[in-house]
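One chain, chain A, appears in both complexes that follow, with chain B as partner in the first and chain C in the second.
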Partner chain A sequence: MKFLISLAFKNLTRYKRRTIITALAIAIGIAMYIFIDAMLMGAEYESVRNLKWYETASARILDDEYWEERYQYPLDLNISDPDPILERLEAEGITASKRIVFTGDMILSRAEFGEDGNIPVRVTAIDPSRDFDVFHFGDTLIEGRFLEEDEEAILIGSWFAEDIGASVGNWVTIITRGNGGFYEAIDLQIVGILNCPNPNVNRTLIMMPIKTADYYLAMDGAATEINIRLPDQAEVEQEIATIQGLLNGNGITVMSWETMAKDYLAIAEAKRGGTGMILFLIFIIAAVGISNTMLMAIFERIRELGMMRSLGMSDMKIRIAFMLEAAGIGLIGSTIGVIIGVIANYWIINVGIDFGFLMREMDIGYRIQSIFRGTWNPGTIAVAFFAGILISTVVAYLPTNRALKMDIPSCLRHQ
Partner chain B sequence: MISIDQAVRNYQAGETVVRALRGVSLDIEQGEFISIAGPSGSGKTTLLNLIGCIDALDGGEITINGEAVSSMNKKSKTDFRRINLGFIFQTYNLIPVLTAYENVSFVLSLLDLPEQEVRERTMGLLKEVGLEGMEHRRPSRLSGGQQQRVAIARALIKNPQVVLADEPTANLDSETGEEILKLMKEMNRRHHTTFIFSTHDKMVMEYAERLVMLHDGQIISDERRQ
Partner chain C sequence: MRTKRTQKLLSLLVMICLIPSSLAAMSAEEIIRKTDEMQTFDTAITEGELQITDRFGTKISTFIAWSRGSEESLIEFTSTAERGQKILRTVDSIYLYYPDAQELIRMQGAALRQGMLGSDVSYEDMTGDNDRLSQYEVVLDGEQVIGDRMCYKLSLTATTRSVPYPKETIWIDKEHFIVLKGEYSTKSGRLIKEIDVLETGRFDDLVLATTTRISDTMKADSQTLMIIRELQVNVPIDSRIFSLDELSW
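Take a look at the complex of A and B:
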């Protein structure tokens, strides 16, 4: 065995150029695997975080029937008396804030915007003193100021502002239907522009004070939802059960962000499947490279093989010798691949790639506005390393077997 | 010791059948130094391959030490070659990445002998074949004659009963060829190893103690000399 190992490694140096080229092919495959995995894992991690920070919070209390009808944004399926619930949650040390979410049409006047226009919008009415404890809009203001308790003002997302050509100080009118179905027109001034890292939010965000909304929509103190922020390490399901207990029915229910983001998570799952395919292809390419190299290496050595077989070296030992040689190529390739992969990871994790141009134009599901950053994933690195060695070894089996099928005199006659 | 009885070997070459050996019978005793001679295509290599258990008979029988070759399976043939047979090839067939020492010692490592013994035997034999001081050279740094000396050492290192050499001098100039033959003969005398070598070179035949002439797959003469 010792002899076979030393023979394999000596043979690796025999065709230096070929060994290096094959090892590099493996290395590129492995580095790409590590890099792509780090990037996608990072993007997913950040997407989930931005989803929770700006869209779903950790959990949400709703009227029992609200979720079914959520695309209608019904004002009548509301939490009629949110404040006692908020107090109870606060007593338990749970951070929460109420909101009213409604839809309407935003009217843009020629006087303010150069031409008349109207667009369907969704408005989120927030409690300015508490909402930023639950969501993370606190550091996203890029122009103007935040909202005050009780004013006819809105904050909008910066991409939305760009799309409608709005700036701080402009007035808009929102036409909607209040609780009960009456028509209402609300004049609101844009007082601030937020740049939200979640592109889905940044593209559509309109925020106003909940007191103003309550007044115009005749909500009579009701809210459509209460959002809850749980600590990062919290056992969400367990906390939800606790909160559900606190609510003791009353026609309201609490949902986790995972339930609310089911569609998103399903898409993420599908993406992971897609990457699996890419990685599989990378490995196939590396495998074909190794297989070819070994095929050439073996067929150039047919006479040597014939000699070894005449001297009574068993097929098994010959197989092991060639597979060890391939394993050596795999080891070199894997090592270089991991080194390149780790360097590439340093870059993707600390610098990242700016996909802003892409995210601005279309929604590809990721909740990242511009810079995609990777994340470390030691498991993937280890798997890639060993897979490189294993695949090289396994792939050498076929050409070796082909050579062993030739009879010995033919091997010895081979040129 | 080796008994060949009506050995027949046919090759299929496209549509036609080449009758490489047409009933060859021959008895070889332990310690003989025997040359199989004949023109190109007469069946020399075929006969050596059959004795060496790397080719299969189409008819007749070869018996070595009382065991019929045709009754051995692949594994027992491999084992038999590993233990009892040495090969010397026309083109030396050394492993280029190994040194002279390693090219010889690897045969012993196939036999799982202790390292100490492998060392002593290899160094001793390399000295015997005149390669002292060149143990750590690779084949590319040895002349043809020196490479064939390594090959002789590789064939002899396991103390086989028989060494088979197919045209061992064909790639060497006549002077070097003679040296190789002298070395083979010396080894034959000293170790009492049976040597069977093929050639179509008159000079080489001169060295044989027994000369078997083949023609068209048949023995046309078998004479003992000296």
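Take a look at the complex of A and C:
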């Protein structure tokens, strides 16, 4: 065996150019696999994080019937007395904040925006003193200031501001229907612009103080939802069961972010299938490259193979020698591939690729506003490394076998 | 002494003269009740048009409407662009039917504020019943001339949250009990819709508004004229016409 390993090593060094070319083909395939996997995994991880940080929180308390009617944003299906619930949660060390979410028409005047118009909007009324403990808007302000408790003011997303041509200081009117169905018109001044990393939020974000909304919508202290922030490592379902127990039903329910984002997760799952397909294709391309190079390498050495057989070397030993040589190429290629992949990973994790131009114009499902960053995935790196060696070895088997089926004179005469 | 007696007699005479007119004067509630009564028919078939004007110009849509009482109606548009589109109002819902897509949509929530065919008449305006007295507190603010007609001016303040307009000011023709002008406001008093009757007409024994201007004050450069061309009241109408099953046929 020692002799066979030594022979395989000598052959590797004897045919340097072939070894380098084949190893590079393997390396590029493996590096691409590691890089793309890191990028897609990173995009998915960041999307889920941005979904929880800016849309769903970890969990949400709602009226029992609200979720069924959620697209109507009903104000009458509310949590009538949210403050005792918040106090109970706080006593248990759970961070939570109440919100009122409603829809309406935003009226834009010629005097402020150069053109009269109206657009349908969704408004989120927040408790300015607590909301940013649950959601992560605290570091997204790019212009103006945050909301104060009881003022007729709004914060808007930067993309939304761009779309309507708004700036800090502009006034807008929101026509909506209060709790019960009556019309109400609210004049609100834009006091701040937020650049939310979640594009779905940044495109539509309008926030106002909950006290102002409570007054105009006649909510009498009620809220449409209470959002909960749980630690990243928390078992969400277990925590929800605990919170549900604390609340004793009372016509309200607790939903996890996974339940609320079921549609997103279904799309992400489908996307993962597509991602798997992309990675599989990259794998196939790499494998075809490796096998092609190995085929050429073996066929150009059929005469050498015939000579070895005529000198009495057994077919098994010849097969093992060739496969060891292929494994050696795989090892070199995989090592280089992993090194390139890790360097590329380091870059995409720390710098990333700016897809802002694409994300601004269209929604491709990811909750990422511009820069796609990767994530470390040691499992993929290990799989890619060993797969590179294994594929090289396996694809060497067939041409070697075919050559061994030829008789010795044919091998020796082979051109 | 004699002067004092004369003054007492004169006062008594004035009071006696005033008694018939004060007895004859209607209360705010009676005016509303009478108006609702005059504007509601057992059944009616109406033909007319909507002239919708916005900053892009004027669009005319013609329609034929069947109604029963104050809570059921079917409007079918007959103009080329909207031919076959239908709006069915039942006791508790509004449905739209689009023949090209063969699609039936139930209007609810924020969608009810949308203008019918982009007009200033919202789907919301089609809902609600005529029983205003159970939903509003009514005050008679006096009388005022609108155009050349003497009108009662009434202020209505909602006693329930379930009505779209928490405050209304309406001017009702003293003679025919038609609402000649209306201003509809939010709880905080912001005017959001105005209605003005520009022309009235006689259909058999009835005098009704034939041209009404509706303006959504939140939409700039926008108004809708609703013109009634033909009206038949208390004619037999097949009750199936107001059913959902019939809507798509």
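Please note the rule applied: the second predicted complex is superposed on the first by the 412 of 415 C-alpha atoms of A that agree within 3 Å, B and C clash if a C-alpha of one lies under 4 Å from a C-alpha of the other, contacts with A are read in each partner's own complex, and residues count from 1 in each chain.
Keep this in mind: contacts are C-beta pairs under 8 Å (C-beta built on N, C-alpha and C of every residue); 3 or more make two chains touch, one makes a residue touch a chain.
This is a predicted model, so every value here is computed, not measured.
Trainee: Put chain B and chain C onto chain A via the superposition and say whether they clash or fit.
Mentor: Aligned through their shared chain, the two binders fit side by side on chain A.
Trainee: Quick one: is A:D105 in contact with chain B, with chain C, with both, or with neither? Answer first, second, both or neither.
Mentor: Second partner only, chain C.
Trainee: Touching A:S314 in the superposition: chain B (first), chain C (second), both, neither?
Mentor: After superposing on A, A:S314 lies in contact with chain B but is clear of chain C.
Trainee: Once the shared chain is lined up, is A:A241 touching chain B (first), chain C (second), both, or neither of them?
Mentor: Neither partner.
Trainee: A:A382 contacts which: chain B (first), chain C (second), both, neither?
Mentor: Once the two structures are laid over each other on A, A:A382 reaches no partner at all.
Trainee: Using the superposition on chain A described above, determine whether A:I21 touches chain B (first), chain C (second), both, or neither.
Mentor: The answer is neither, since A:I21 touches no partner chain.
Trainee: Can A:I339 be said to touch chain B (first), chain C (second), both, or neither?
Mentor: neither
Trainee: Taking the superposed arrangement, what is the smallest distance in Å from a C-alpha atom of chain B to one of chain C?
Mentor: 72
Trainee: If we count contacts the way the header does, which residues on chain B are in touch with chain A in the complex?
Mentor: 45, 49, 52, 54-55, 75, 78-83, 85-87, 89, 91, 93, 95-98, 106-107, 109-110, 154
Trainee: Taking the complex as given, what residues does chain A use to touch chain B?
Mentor: Listed in rising order, the residues are 2-3, 7, 10-11, 13-14, 303-304, 306-307, 309-315, 317, 407-409, 412.
Trainee: Once bound in the complex, which stretches of chain A touch chain C?
Mentor: Residue list for chain A touching chain C: 71-74, 103-105, 107, 109-110, 116, 118, 120, 173, 175, 177-185, 216, 218.
Trainee: Within the complex, which stretch of chain C touches chain A?
Mentor: Its residues touching chain A are 55, 108-110, 113, 158, 160-166, 186-188, 190, 192, 218-221.
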